[in-house]
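Two complexes come next, and they have one chain in common, subunit A, joined by subunit B in the first and subunit C in the second.
The block that comes next holds the complex of A and B.
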């Protein structure tokens, strides 16, 4: 069933947005402080796991809750509700010993992007 | 996909150009391209992740030579054709018509 966006409704629709947070009760695979390694995936589909982080070790900084898994949703494979985390990677882990010892990168990653390290 | 959009860590692209008081749109057509994306997205034929994936399909050389909202327009055209809402021929016919009407 196709919906129609009428000019008069645009403001309300944009204000409401399209939240990707889901009410599903899903058990998280990780908790803040857990050491993780990003999977070395090379999918030809959509992924929110950047190349430079694949195979790299990080630490779960926070658990945002349950969200639509963008990698699946982009390919028409449903919402696959799962936990989304902010994962902290040291600059030296990502870019080598010449990178700053203080810098870190936070990447928003889903359960299916991560393994325990 | 290991596409050109995934640029984190790439060298040689120059500094990020920060603009004082940057406007939301730099040209009127960008406003229209964005609105078309919102309105067409509301049809419910695709979701926001599919529209991101559509933009990632742009050929790498073209992607680097075009602007942000050109990516949005390219992705939208791809989805409209993919979902059967428009044909490539219809889009091209309209572009040809607009070219004819455009002041020289």
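The block that comes next holds the complex of A and C.
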């Protein structure tokens, strides 16, 4: 079936958006305050885990709820609903001792990107 | 974009990118995959209807109404929708507040994720490789080059938009704007201040709109 966007529908389609949040009841693997380490994965396909964070230690800051796991859906492997977190990494953990001791980077990561640290 | 290939080809007033876009568009239209009037409606939306004035409205409202700011920081999507802004690339909004002790800035190191309903489409520099790589590695250096000197005792928080969550920064309200109307406040809020790469400046005395 071919889906063609018509001019008359543009406003409604943009307003509706394409939500990635899911109503699924999934148990979170982590909670805010948990220490985590980003997995050292080296996907040949799509991943939302940036290279600069792989193997780095951080702290779960917020649990955003259950979302489509983009790494899977982008590769045609379904939604694989799981929790999405904002994970806080110290700049020095990511970049070494020359980085500011005060600064931090928050990265949005899913359950499958993280292990307990 | 400072792409050196992006210059007009000999004998054509169009750049290589423009030619490629036109070729793609005509193919998609001829094959019936794209309705050109829908394309015009999309372009018109982001040229004339949706842009950083929406975000400025949100920020000014938050500055003027402390209860609204609380709601905005608690549930960005819901509070922004109160003002009528919602939809594509803004389905899940998180709002961050800059204070005298914390400076937030937003980047998408993987591509160009950006909160469309409140800021419109991203500027070219936001999508550029230098901003995307340096914002996380050397945020203070990037800010300095953009004219923002962040004192050593202020924490810089960089938000890498790696998911479908979109971030909006509430910049610090400048001194000297006490008693301003919401419309006056909205008039000084810039796009860059809502990405977190600029401060909002109060116009000099007499410059008030």
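Quick note on the criterion: the second predicted complex is superposed on the first by the 117 of 117 C-alpha atoms of A that agree within 3 Å, B and C clash if a C-alpha of one lies under 4 Å from a C-alpha of the other, contacts with A are read in each partner's own complex, and residues count from 1 in each chain.
Just so we're on the same page, contacts are C-beta pairs under 8 Å (C-beta built on N, C-alpha and C of every residue); 3 or more make two chains touch, one makes a residue touch a chain.
Everything numeric here is computed off the predicted structure, so don't read it as measured data.
Visitor: Considering only touches as defined above, state whether A:18 meets subunit B (first), subunit C (second), both or neither.
Guide: It touches subunit B and subunit C both.
Visitor: Is A:95 touching anything from subunit B or subunit C once the two structures are fitted on A? First, second, both or neither.
Guide: The answer is both, since A:95 touches subunit B and subunit C.
Visitor: Going by the touch definition up top, name the partner, subunit B or subunit C, that contacts more of subunit A.
Guide: Greater contact footprint in residues on subunit A: C.
Visitor: Going by the contact rule set out at the top, does A:42 touch subunit B (first), subunit C (second), both, or neither?
Guide: In the superposed model, A:42 contacts subunit B only, not subunit C.
Visitor: Please work out whether A:50 is in contact with subunit B alone, subunit C alone, both, or neither, and reply first, second, both or neither.
Guide: Once the two structures are laid over each other on A, A:50 reaches both partners.
Visitor: Thinking of the overlay built on chain A, is A:73 touched by subunit B (first), by subunit C (second), by both, or by neither?
Guide: It touches subunit B, and subunit C stays clear.
Visitor: Give one of first, second, both or neither to describe whether A:63 is in contact with subunit B, with subunit C, with both, or with none.
Guide: neither
Visitor: For A:5, using the defined touch cut-off, is the partner it touches subunit B, subunit C, both, or neither? Pick first, second, both or neither.
Guide: So A:5 meets both subunit B and subunit C here.
Visitor: If I apply the document's touch criterion, which positions on subunit A are contacted by subunit B in one structure and by subunit C in the other?
Guide: Common to the two interfaces on subunit A: residues 2, 4-5, 10, 13-14, 18, 20, 50, 52, 68, 70, 94-95.
Visitor: Write out the stretch or stretches of subunit A touching subunit B in their complex.
Guide: 1-5, 10, 13-14, 18, 20, 42-47, 50-52, 68, 70-71, 73-76, 94-95
Visitor: Can you list the residues on subunit B that touch subunit A in the complex?
Guide: 1-2, 6, 8-9, 38-39, 42-45, 47-50, 52-53, 56
Visitor: Touching residues of subunit A toward subunit C in the complex: what are they?
Guide: Listed in rising order, the residues of subunit A that touch subunit C are 2, 4-7, 9-11, 13-21, 48-50, 52, 64, 67-68, 70, 84, 86, 91, 94-95, 100, 102-110.
Visitor: Using the touch definition up top, name the residues of subunit C that touch subunit A in the complex.
Guide: It comes out as residues 32-35, 37-38, 40-42, 45, 50, 86-92, 94, 109-110, 136-137, 139-140, 152-165.
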